[in-house]
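The two complexes that follow have subunit A in common; it is paired with subunit B in the first and with subunit C in the second.
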Partner chain A sequence: MSAQNTQGLEISNLMKRLGDNAVVKGISLTARRGELVCLLGPSGCGKTTTLRMIGGFLSPDSGSISLGGLDITELPPERRPTAMVFQNYALWPHMTVYKNVAFGLRLRRLPKTEINDRVDAVLKMVNLVHAKDRHPGALSGGEQQRVALARALVLEPQLLLLDEPLSNLDAKLRVEVREEIREIQQRLAITTVFVTHDQDEALSISDRIAVMSGGRIEQYSDPDSLYRRPESRFVAGFVGSMNILSGRIVAGGITLGPDGVFIPCDDAVLANYGGDGGEWEVAFRLEDVDVQSAGGLTSLPHRGSVARQVSHGHFKEVLVEVGEHTSIRAYLGPDVDLSGPVVVSVRRLLLYRDGALCYESHPASGRGQPTGGESLPGGAGLTSSSPSGSLR
Partner chain B sequence: MRFLRRLGQLLMVAPPILVIGVFVGFPIAISAIYTLGHLGGPNSAVSAIGLHQVSTKGLFTLKVYKDVFAERNFQASLVASVWVTVVSVAVVLVLSWAIALYAWRTRSRLGRALTALAVVPMFIPVVIASYSILQFFSYGGFVKTVASALGMPHFPTLGYSLQLVVIAEIWVSVPFGVLMISSGLGGIPPSAFEAARDVGASVVRATWKILVPMNLLPTVIVTCFTGISVLGSFTVPYLVGPTTPTLLGPEATETFQSFAEPQQAEVMAVALFGLSIIVAVPYIWATYRANRTSRAQAL
Partner chain C sequence: MRVETVATTEGPVLTAEGPATRRRPRGSFGGTRLVSIVAVVLLFLFIFGPLLWLLVWAFVGVWHYPALLPQKWSLSWWRQVFNYPSLARSVELSFLFAPTVTALSAVICLPAAYAFARFRIPGRRALMIILFSVNAFPKIGLYITIATLFYALNLMGTFLGVVLIQLLGTIVFMTWIPTAAFAAVPRSLEEAARDVGASRLRTFFTVTLPLAAPGIFVAMVLAFLASLDEAQGTFLVGIPNYVTMPVQMYSLVSDYPPEAAAVFAVLLSVPSVVLMLLVRKHVMGGSLARGFQV
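Coming up: the complex of A and B.
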């Protein structure tokens, strides 16, 4: 790659107002060289706006963007060492695939043979040699997507920008192409910012993920800690499936919901830490819930019944009603028998107050921690359906 | 069965074709043989009033054509027609593109207002517009008055000049140009332009290499239709232009009415028709190409 130094992308305190909305409200983010960073967030949170500022199509109201140690905030798009893949691909219908890819090289007045070689090489990389002389109108969605990628890659940019590049593809192709993109990105060690609102996509290909909400970054971390340790109530609700209920800490577990249903949790420190009698937002992953047939233990207070179950093939998702107004979702193995009353316990949970993470419990070892420390592997015996870093 | 269906389809399109054939095709054919020296038959009425006619006993004669094309006045008018057409079309194209592009790029209120304003001439009858343009630029008109007030008494007046014809033709044609070009641009996603900037094209280059080709058909349509309408225009050159040289429309009319030379006038009409066909060629080519590529894309 053309960059000589090891510095990647550095964004500091970027702000942008569009019309009457403050769309981006102070975003700071760094990406090391060769890193793939996802901007993940709900629709309208300012992902595209941020990406367009990085690409130079919008100028920020304040803040700065630097790449490879160089401030590029004021440069027009044609002078930035960035290349963008647009959501609608933005191929030029009057040019063949070859010409689409070669356009940027021609502007640089490279010799014909070099242009030829480089275009051929990149078309080979994205598997499109056969479509070289076709017009974009005669390509499938996936092929068009790859032309757009080739057009960006052929310039050997220092920074690759992708705006929901897979949203027009069907589910199967999406998984295929995202793996291809990741593979190429790693092979070329090209710093990449990838915008998506699909958490599955973000968790499976990123080195780091910036979860955005309302024009701000809520959390910026690697997929595993994002999934296991969401630092805010918003991220906990946005990334993956999570039970989030209000509750109190009591000896040996928690009481949840308006019914005050007692759910045991094996964490010795929990009671010490959270036992101030106050209310918490208690969050726990579906795979961290244990559901067992109650058997003879009918007198236990946390007895519940399975209200609904959805089979996902290799596992099932169940909704357990533990109280009149309280229900808990859980992922279970496919063979668990759930007729009759069940008892529920939680292996690992997170406590939030005022939207921020305050406590993270660790299962089995009984060793919890007020926010911080290493996560232990959870969800024993259950395959998580939900996107998790371990799928990579 | 099949034959009957075919016949039915043919009968359905027959009426319009018949109307065109009888009311347009037939008169054209008759005029054509009239210019080639056949004065009798359906042409006997017009040849009864015509002066300086040429007739032939053979298949045809080109003498009228030779005479007309040898005439100084006609030559001057032919040149004037081509000149006015080329200049008007060029200016209309530049203006329409500039306005449409400004509105498309900025998406501002000013851009939209300009586009709307550019369409206004379409709602003003050409006769009225021509008179006002003439008044505005002629001796004693607004321009001259302001110039004198500013101490320039010898400021040129454009009344009854070919330049004024060009100005008026532009006024008449710009609305169509802006409408076509801006609606064509409206169909181009901004990202197509941004993608070109992204790979290193300047604004000018991205416009020239991406927007113009992507908006080629509307541009060709504006070129051809404006060209044909200017070439064949009558009211504008008749009202604001010089007596001679003038455009072929008024020239032919005058030859017919004032000089009572219908045969010569029709030769001029044929010349006009020939020029118009030349102007129409790019349009036919572009629509053919657009059809072909859209069919290729549908596959």
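Coming up: the complex of A and C.
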């Protein structure tokens, strides 16, 4: 976190109390120039409060925010080089699209021709030239969203803030618009903070994601690491679908749940690592589960039966009851037909104790590695800011 | 004042409704549709009947009992009223007081309304309800108490005294309706303006005020009409120097036959009707209704 690579946003130890409620309890985060960072978390986790502090609409109780090396913590919103796209778009209903977009430029007392050119250019970028003289009330939700984006972009801000900008759009449009936003963001190389509670959205467009819970950052890393290697029990449960069960390590696998069902896992190191006999929270992705027809192997202890199948079109989600009180979910191919007893095994798993990640297995090499049980949730993610999975 | 005139002419109108009321039982087996039509007609008669009655009276030449309509129509009472020596002066005064009171009321109440809508004021609800208390008691008692105060302050019979007494009646809706109008402007719209670089003041004038304008407009029209129609307080404080149109009507009613009063009442209704037609859209739009949800 030295001076030269913090041309973007640098937030340190931000805290905010609203009433009796500590909403943000010490958030530190950096975004490099041109990076798109997502604040992801359930409602009430402090993500919007954080964004509003960055935009200047709330002043933090303590901590600092700097942009391009300049401390902006005390600046009012109108003097910050930030531009925000509000959740409800906040377009001015009494002004036309043109006037909405041009207002910020007119405040800067630019010559009229330059204002015209810049508004035209940005409306072209968001495909809204035809709606220039219409009022926001006459636009569809998607168009309003694009006006809000244009209004923010036309000012060429150093930092673009997006507050759940897609939450009011229908599912199909949401995917389209988020790709548009990502495309524009990358083209303009504009540093962006994006707040969302939708993990799909976060995983698909972010360079890095900060998962927040209870006013703190649980993990800050690139989407791949976040998905494959959730550093805390909370992130494991929040991001993506995950089987999380209490279990113990035994030779050749794990025993899960109150039934102590044995599930094999092909990880040689696992037995050595977790062999203390204690209980772990065992987490494994649905796509890391193998389900096969038991065939003649009826004597195996880990056989189960498929209790429910949900087709998602290109894949199938199945619920396998492996014991009386233990069931495992798995993603399978669309054509797999499982009737009768099945056997279940796990290719890759993660172990958590006291909410922190302690072990992850690497099935490719057949070897796992301890992650250092002392690593605090969130702490590791903040300092190791070198995304190994390169998306860009 | 106008309302009182309406009340005195209500009697004959109600007897005219007799046949309509008797038709009702027959409608009950004709279906609910007929019942609702009858209800609408009744309501229409209740509201417009007295006004119609007033209008007829204003053009009466000769009208003797059992005839339904005057035997002879005439404009003579209009001539009488227009020749009434102090009429012009009273019209002039009315249209001097109404804008003055409206403007002053706006200057006092709009900042309060903004504050009620946007800032956290301890006892906000209680304060707003206290404003209502002015309208909750018989005004004449209040006016007489105030009159003693005005005597002490030498405000009796002065322009300022009349303005102050008329102001009283406008405070409630001039605060309540604009409070609702300001509160209905989403904060995010103001934040968006700040975000693109507008100062607080600029934000207020570019975003907040234009969006709250319909509600403010309705409140101002109501204040204007309240001032235009105010008689009791103006009579008490203004006499004899400031005789506005509604006060003038008192003497007309006592000095002349009902035809003259009818002519004057019609004249007095014109500005109200015109203004209400002007703001109809906004009143229908709910600015008024919103104002009374404290």
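Details
We adopt the following convention: the second predicted complex is superposed on the first by the 364 of 392 C-alpha atoms of A that agree within 3 Å, B and C clash if a C-alpha of one lies under 4 Å from a C-alpha of the other, contacts with A are read in each partner's own complex, and residues count from 1 in each chain.
We take it that contacts are C-beta pairs under 8 Å (C-beta built on N, C-alpha and C of every residue); 3 or more make two chains touch, one makes a residue touch a chain.
All values reported here derive from a predicted model rather than from experimental measurement.
Steric overlap between subunit B and subunit C is present once the structures are superposed on subunit A. Of the two partner chains placed around the shared chain by superposition, neither subunit B nor subunit C is touched by A:D354. Of the two partner chains placed around the shared chain by superposition, subunit B and subunit C are both touched by A:R151.
By the touch criterion defined above, A:M84 lies against subunit B and subunit C together after alignment on the C-alpha atoms of chain A. Look at A:H135: by the touch rule set out above, it reaches subunit B but stays clear of subunit C. Contacts of A:F57 after superposition on the shared chain: both subunit B and subunit C are touched. With chain A as the common frame, the single stretch of subunit C that clashes into subunit B is 111-119; none of the other options in 3-11, 21-29 or 111-119 do.
When the two complexes are superposed on chain A, the residues of subunit A that touch both subunit B and subunit C are 55-57, 76-79, 82-84, 86-88, 90-94, 103-104, 107-108, 151-152, 155. Within the complex formed with subunit A, the residues of subunit B that make contact are 189, 191-192, 194-202, 205, 209-210, 213-214, 216, 293-294, 296-297, 299.
Subunit A contributes residues 55-57, 76-79, 82-84, 86-88, 90-94, 103-104, 107-108, 135, 137-138, 151-152, 155 to its touches with subunit B in the complex.
Listing the residues of subunit C that touch subunit A in their complex gives 186, 188-189, 191-199, 202, 206-207, 210-211. By the touch criterion stated above, subunit A contacts subunit C in their complex at residues 55-57, 76-79, 82-84, 86-88, 90-94, 103-104, 107-108, 151-152, 155.
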